[in-house]
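Let me give you the structure first, and then I'll get to my questions.
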């Protein structure tokens, strides 16, 4: 039985607590949150104890630390958990600064810690089916990967301020998906972007709408289109145009009902947002982590995947600022 | 060059006139209609002459007579055209009375006339693709044929009165499709039906909503669902559940655009009604007739197909009246 | 905390055990199965105790009995549970004999027991969305309800023998859905059916392919098409043609990926079978039962719903045997 | 009656000849082609006369010249036709050199000639429906326009050599669509591109796969993805993500039939290529030209539209060569 501790009992932390509780071979021992009330609620629901981080890391019975606290705490907590010999699951990103990320990865490497980064989309059943088909050669070599990734609505201004900006906060998932599907590292990043949905976002120096082009050495390309506001719902689609066909993963709708009337044929909206759309992905993600803990294999996506996605995000940011494509290595 | 004459210059007659005019090997020589104005309009558009039926049938240059006049004139016109040695295209039905139909078919047989019945749906590109796949064995043997056939709105009461009723007027097309797809003649007909869309239709002794079950000796079945009023548009779908899979021909929509917004994802309505939906079918139908005239093969669907569909329609009517299934032979 | 006991630890019993275990307000206390090994496995997974039925019914701490054993034990177990003052969930059917069902319902009535029948499809999120739209008047009054209900493959001959036949075993779910959606009791049943998929099924006196028509006093109709073998997967679709539009609940596919290549555009198959397709329905069903236990409201669908569905199944059987429609009251 | 002359009787010329022949108010008087056989065939089919360009331009009865000859003849023929006082329809592009295009437009302006450029996609019924919805404000202001435009297979190397390259030959249509839908002129062009489908294309200095980003002053963006080889067929899709929703025009399939079997649910391929897919667009295009000739309004898209699309194509080419975005004015 794997004993886990949860640090950060907010929205996403609760998702992972449920995964721990729902898995036959894991149990939640501790919960910590800077808001004690949140920690208590989650602890009670899963028979866990509220405890400070120190206690968690010092308890030799704790096998796994799930880091779901605010972004600015991730790097420190990963390092401390790694040094305490814990397996680590951390929500993306490791840090907004590439230097800091590199320092963390060094600690992870030195300590030999197992670290899984929360790129949950790799575990979405639909994207997994697409990847399996792609890896099975069903459409040949990928040539153009097209990722449509749009949120139903922008987060509040306070969140935007500390988010690291669109590319590091939102597009980072798409950068990971692009890498995963291209099967080759991008070498060039060009980002066209603007604040179109909300003036305030622009006033904060951020953007909310973007088209990002990634190019690989072989000539393969990926294009990501982002918006912070899709009035039609959480838009999460992927297309891979390959040398032998095309794979498309469409949106997952709220239900399968269509209403036909004088106005046309109306299908349901996409599932509301990431908690709903990626519910199965979060479960699969945790199951994969458990598998790796059992088999002894290193879990993935790992810290390096986190770093590479961040490199692309920083390149996109620089591209937007300079107006020129940015080479990455 | 095939010289054709059109009898009946209404809505459907004009469709066939356009097919004659648009085919590189046919030309329209005469038009007749009881409303002279209609005849004149069509004649002018295609460089034809308005003439009475006698003139048409006596002119040895006329190869083909297209009968698109009112139902009560069909039987007589087929007989006269057959005796005049003309090839004949006639809109369904031959007649509402089975005895009269039999008499007509005898004349057709005796004279050796070529007669094609206007079961246009057999020539719809979508249904042709379905049939080709079925005949190619792609889904094995048909077991359940499901036909959804619903009109956007009921015709006026005056039309209902002389229509011969739902089964002979509207379902007759579906009976023909069922026979065509089952690959075996039905031996039993059961019709559940009611006047649900308009009280007046019930007061006229007719129905507007029906579920008709056809059973073959082998156990294969077809089910037809009809309504005179589909607020969502002309609903024309076919499914064939076979021993090795299923074929479905969906509706043909007005366009391929979907609008996604807070209410869902709205696709276009089906094409309005038979003139729009079956535009290609009418062209293909005429082209097939021309092919048979050139090759010397007998055209199809022929008079016997018309008679068999009518047998099924009469059985359905009797089934509705008696409440019991009706055997047909 | 509701304490539940499971009788019958087979495939479907395990589904309900998981629902009990996964619900925050219920716990599984006992498990019984004639195969002790099955009982032990389930008991261990949920921290329950293996015990005979007597012990279960005598324990005053048991609030709820879940009857998932073989059909021939249902009636007796419902009666005993009712007399023991337990709330009851029972998989359909109560019994294959209408007389026995009536006797059971009398006991349920006399004892005032809460009885929920396992018509899980009412709790499928897609069908719930359809029902909500229908009840909200979005397509007016229902006129034709079309239910496509086809299994991926027939059960073994031994199961067929004791199943009560297609109508009581498989179509019974569709009869319940038809009643639920028509909003009016059918008064006439006509069933056309044959053994087309497997000769052995016919030799056992059963059928595997059916088209069943239900007619209500108002003229509303429902048509059910069944097959024991859909090579393309578990086919579970519903359409409601109403006076103001149409609602269609399509199949739920394994994933949202489409592969386009020289052969066309291939989407995934429907989810394999009832355990997969109706996973959410089973959870929702149990949650609804828990709601009713908490609120004190009688749960539904109840024993009467079970009885009425069985009446329709028996009428369908008689219709197939006599070839005539059968009136029900 | 508009009297038209066709210059260039190849594949696309024949399409326009059919439009002339099929329109009730136009007739084809002359045909010219450098391959006399082609000219004769088309002339015979439509009752026209084969004649040299001089004769055509000198005949005062000729109202309209349709220029469908090779690209290198367009500029000269437009100028001569304009000076001869003819209305002009010319297939894109006017010329591969921007200077030459400007000179032609000067002649068009000076002579006051009516010139329609063959951007047929604006007349596709699906894209027209999308545009109408967009112009009607149904999805608010456009923010991201996504154009997927991929050919079923590359043209022969000889064609590639004289084509002007991917951007001027193929993407030019997409540049026109982007301008049409953005409602604002792009000011920046970035093109990532490679020769991935065929080494020979790369050896000729051209590319076959591209992702082109267009940015407007307001921040609106368009992204075009091109491939010379889509094994799954002619891929022609448009999406407009707007401030109030999204419009998507999907591919037009060969037919509406889906085959479901053990491998999944397979729909038809997109219609083969531009002649099939855009058949209705060509008819609508000619009808719009006829309307403008009748009403006296200047037809559109006009020479300026042709020039602006070429400006974008040249910018894309330069962007690919330099690796940097290119500003356009």
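Just so it is clear, A, B, C and D label the chains in written order, and each chain counts residues from 1 on its own.
The criterion applied here is as follows: a contact is a pair of C-beta atoms (placed from the backbone, for glycine too) under 8 Å apart; a residue touches a chain by one contact, two chains touch by 3 or more.
Just so you know, these numbers come straight off a predicted model, no measurement behind them.
Two chain pairs are in question, A-D and A-B; the one with more C-beta pairs in contact is A-D. Taking the mean Cα position of each chain as its centre, D sits at the greatest distance from subunit C. Note on chain placement: the centre of subunit A and the centre of subunit D lie 41 Å apart, centres being C-alpha means.
In this assembly, the C-alpha centroid of subunit A lies 57 Å from the C-alpha centroid of subunit B. Within subunit D, contacts with two or more other chains are made by residues 231-232, 244-246, 260-262, 268. On the side of subunit C, the complex with subunit D involves touching residues 231-233, 253, 260-269.
Those residues of subunit C lying in contact with subunit B across their complex are 140, 143-144, 146, 148, 150, 188, 190, 192, 194-197, 209, 211, 213, 215, 218-221, 223, 225, 227, 229-232, 235, 241, 243-246, 323-325. Taken in their complex, subunit D has these residues touching subunit B: 22, 24, 45, 125-126, 128-130, 133, 138-139, 244-252, 254-262, 268.
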